[in-house]
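Structures are listed in the sections that come next.
In the two complexes that follow, chain A is the common piece, with chain B as its partner first and chain C second.
Let's look at the complex of A and B:
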């Protein structure tokens, strides 16, 4: 029962969404199914909030390694929740001045807005900015010429990186005058294509695109197959055990 | 010395000349500010295709005054009005379109009713042209099937049919060969290593919700990984970015511990919620990685910019890492930073591969049939397009056009 009911719900919703894609009359059914999901996800937010508080409190209480971070998380969570719910610093709405709580919680100048603008956004931006350093360190490892494949990767990456800068165009500016010396259009075109920016275009639009499309076709088939497994109940591992 | 000769220097003569010029200019002037622009050309109204019968599409020829070379513009917009046949005869305004536009879709009509339309051009001063009226009433009707998606439907039916066929064949006992996938072979090795080192295994199921098929595939892999972890009696850590994923992951892991015969080892708190925010989640997970130093890290699901942040941190702490995702943009990052990466379809094949159940393996053979169809279409497409280069008016060009616009596009089922 514990697995059968969710399976029926998942299968029904899945088939409704498929049918809604092909039959105009059922288009609204698909939208209704998605609305139900959004309602459930919104309710689950509360569940997540309680779980977060419970975990952090446990860490603090057990004095586990890094419990100080748990304290920071908990304090930040409670403060943000309070200033958002209590609408601290929110001025009354101009439309409904008689109701002091009618202003938007994220109004400019309010405490919640301040937390978002001056704490949350800079912290998120900091995390995102770290990506640049990680890309450099990952590229350093990936481009080490350990074997033939790695050498090919290194050369290709070098061409693409250089071809995307002005240096690439400048370094191979001799290509066009050289190509003009050939009478054969084939040879002329072949040599023209050797300029680094054009070579980069060829690598990205021919070799890279072909590979990406092959991966995308595989992914599409994988999605179809996995969805079918879920809808037909062939794979039920995500539903847990059947014991009540 | 004056350069004006005598006859023109007479003040009364000049005055008369000026008045005459003004009158000539006024009469000869092509338009006046309050003149209405010329009416638009013929208007046609047809039922909007592939809908439930709640829209009518209008097309009209632009007003001769609606030209980009006329400065200042004589037409600023078109006003569309509607009259229901058999109604009160009133023309109701239903929409406006800016100059240069010659189409409109009226989505406020009722199925089965008949409607007439008129379109007028409006000048910047508000002067309205004569109306261009439809000659035949249009009736919105419901289509029972989206013809523009018919080919897609056929391909889906073919692939799904193949999957179902091979599932049933596998159920009848037919043996199916699946090539070894190194990334999945490494799961055992990674869990064993974590057990030997006395450290935990970290499993990240992506940052999308349970309605994303990649998350479902990730949870399926989690189920298999958790079984190994339960068998080895290692520790598991599953931080989630969505509450619903946390709930589903708990159910999955509990079932795995149960199937491994160690239900008492299952701890609900090992699977917990951090935050929905992408970088907040990354900060939480990477912080834990640096503090606890897990020996094995699994990243299975939908990832965005956080993929490299997680994988590089895992690399820095010396963990053995296995990743799987169907996000093409994140695959290079995982390939660069992880020991093993399940690329696209390998990730979706993981659950079938790890389970070893024949009917699950049947789905992989079904996928192969889909690949065969895709390959055949690619070959035919490349061939006809190559021939079409040499014979632009021949049959090959028509076939290429049909594949491009009908089979792969949305131009309908038949030419």
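Let's look at the complex of A and C:
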């Protein structure tokens, strides 16, 4: 039962959505299914919150390695949730001044805004910015021209790295005057295309595009076959391994 | 020298990278930008719309990619405001609400005549990944009943008569991943033929190339494209020349240039060490 009911719900919803796409009469069925999905997705946030609290509390009570981080996660979660739900520091909105809770939870100057602006935002940006340092270190230690493929990759990387800045234009500024000296349009066009920023465009629009199209079509076919397997109940791995 | 580089502590690399990024920022290094045909196609997609057109701005990114994507989102918003387009903001990312709010704060500061509810509306965040897209293409109010302040969309002049986003003249999506530009292409622009342009991170842009030009009119990929876009915007609307906020991407091209050149130098040094060691070992 634990597996059959979810299977029926998934298959019915999936087929309704497929049918709704092709038959206009059933379009509203698809809309209803999507409205349900959106409500379930919103409820999933609540479940996610409880799950996070359960896991972190378990880690702390068991004194597992790194339980201090779990405590920080839990405290941060509870504080953010509280200041957001209680609208700490929020001033009433202009539309409904008589209701103190009518202001937006993320209003400028409110506690939630403060947490977001001065904690979450700089921490997230810092984590992402650290990539530059690790990329630099990795490039120095690991990016070696060990074989032909690696050499091709290196040359492409150099062209794209330079082509995505003014350095590419400046270093190959001689290309356009040189191209102008050729009377043959073919030669002229060929040489013009050697400017690093244009070469970067060629790499992206020709080589990358061809590869990406092939990969995208492959993925789409894979998704279609996997979806059919799920809808027909052939693939039940998403239900977990629990017994009926 | 060889021994120094061979045993180079990676903290020196980190310090050098810090300087490579910080110095151009501190010195205010700026470089000219020549907009590419792709950037021009995005610009024209917004600029060629008749004044007062309906534009959906879906800002699907978070603070981690704000450095790369905020200048694009700001440039799109400015251009829409300069063309008097009607803007409908929304996001599919929980932290995206703040990204939308930043655009609205900018609108209030730079375009005081632009009125909330009449010229623009903030429909906020909707959970469910691509789910809300599938719903708003046929019935907007089934997915979004109220704006971010809780006011019913039926009471807002801009959304009162809006049935679904098929009535939009253009979708502008700025995204850093899933759900993002790909989902807007798959569930809104392709099946319903809604013109769409996107702004994405450098990592994501190769994945979206196959959708151009039929499903996506154009795309801004990474900060370089954002800088070219800002340059194009300044060329077409000279009043932005004195606005420092409208040149954020242009300012970021300085650190990008030095950091890229530094990376190339590092790779070359690393390979020189590798080849010298290999020759010695023979």
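What we mean here is this: the second predicted complex is superposed on the first by the 220 of 244 C-alpha atoms of A that agree within 3 Å, B and C clash if a C-alpha of one lies under 4 Å from a C-alpha of the other, contacts with A are read in each partner's own complex, and residues count from 1 in each chain.
Here is the rule we go by: contacts are C-beta pairs under 8 Å (C-beta built on N, C-alpha and C of every residue); 3 or more make two chains touch, one makes a residue touch a chain.
Note that the structure is a prediction, hence the values are computed from the model and not measured.
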Query: Touching A:85 in the superposition: chain B (first), chain C (second), both, neither?
result: neither
- prompt: Which of the two partners, first being chain B and second being chain C, lies in contact with A:178: first, second, both, or neither?
  reply: neither
- request: Check the residue A:239 against both partner chains and state whether it touches chain B (first), chain C (second), both, or neither.
  value: first
Query: Touching A:35, do we find chain B (first), chain C (second), both, or neither?
result: second
Query: Where does A:229 make contact in the superposed view: on chain B (first), on chain C (second), on both, or on neither?
result: first
Message: So in the superposed three-chain picture, is A:57 touching just chain B, just chain C, both, or none of them (first/second/both/neither)?
response: neither
Partner chain(s) touched by A:93 [first = chain B, second = chain C, both, neither]: second
- request: Go through the superposed model and pick first if A:216 touches only chain B, second if only chain C, both, or neither.
  value: both
Field: Contacts of A:124 with chain B and chain C, given as first, second, both or neither
entry: both
Task: Mind sorting out which residues of chain A both chain B and chain C touch, each in its own complex?
output: 21, 27, 37, 40-41, 44-45, 120, 124, 127-128, 135, 137, 139, 141-142, 212, 216
Task: Would you tell me which residues of chain C are touching chain A in their complex?
output: 8, 10, 13-14, 16-18, 21, 31-34, 36, 38, 62-67, 95, 97-98, 101, 105, 126-129, 131-132, 134-135, 138-139, 142-143, 148-151, 191, 202, 205-207, 209-210, 221-222, 224, 253, 256-257, 259-264, 266-267, 269-271, 274
Message: For a test of understanding, state which residues of chain B touch chain A in their complex under the given definition.
response: 50-52, 142-146, 149, 153, 156, 159-160, 163-164, 167, 209, 211, 213, 216-217, 219-220, 223-224, 242-244, 246-248, 250-252, 254-256, 258-259, 269, 272-280, 282-284, 287-288, 291-292, 305, 308-309, 311-312, 315, 326, 328, 331, 333, 335-337, 343-345, 347-349, 351-352, 355, 359-360, 363-364, 366-367, 370-371, 374
Of chain A, residues touching chain B in the complex: 21-25, 27, 37, 40-41, 44-45, 47-48, 51-52, 55, 58, 65-66, 69, 73, 120, 123-124, 127-128, 130-131, 134-135, 137-139, 141-142, 212, 215-219, 221-230, 232, 234-235, 237-241, 243
Query: What residues of chain A sit close enough to touch chain C in their complex?
result: 17, 21, 27, 30-31, 34-35, 37-38, 40-42, 44-45, 93, 95, 102, 104, 106, 108, 116-117, 120-122, 124-125, 127-129, 132-133, 135-137, 139-146, 154, 157-158, 161-162, 164-167, 169, 197, 201, 204-205, 208-209, 212-213, 216
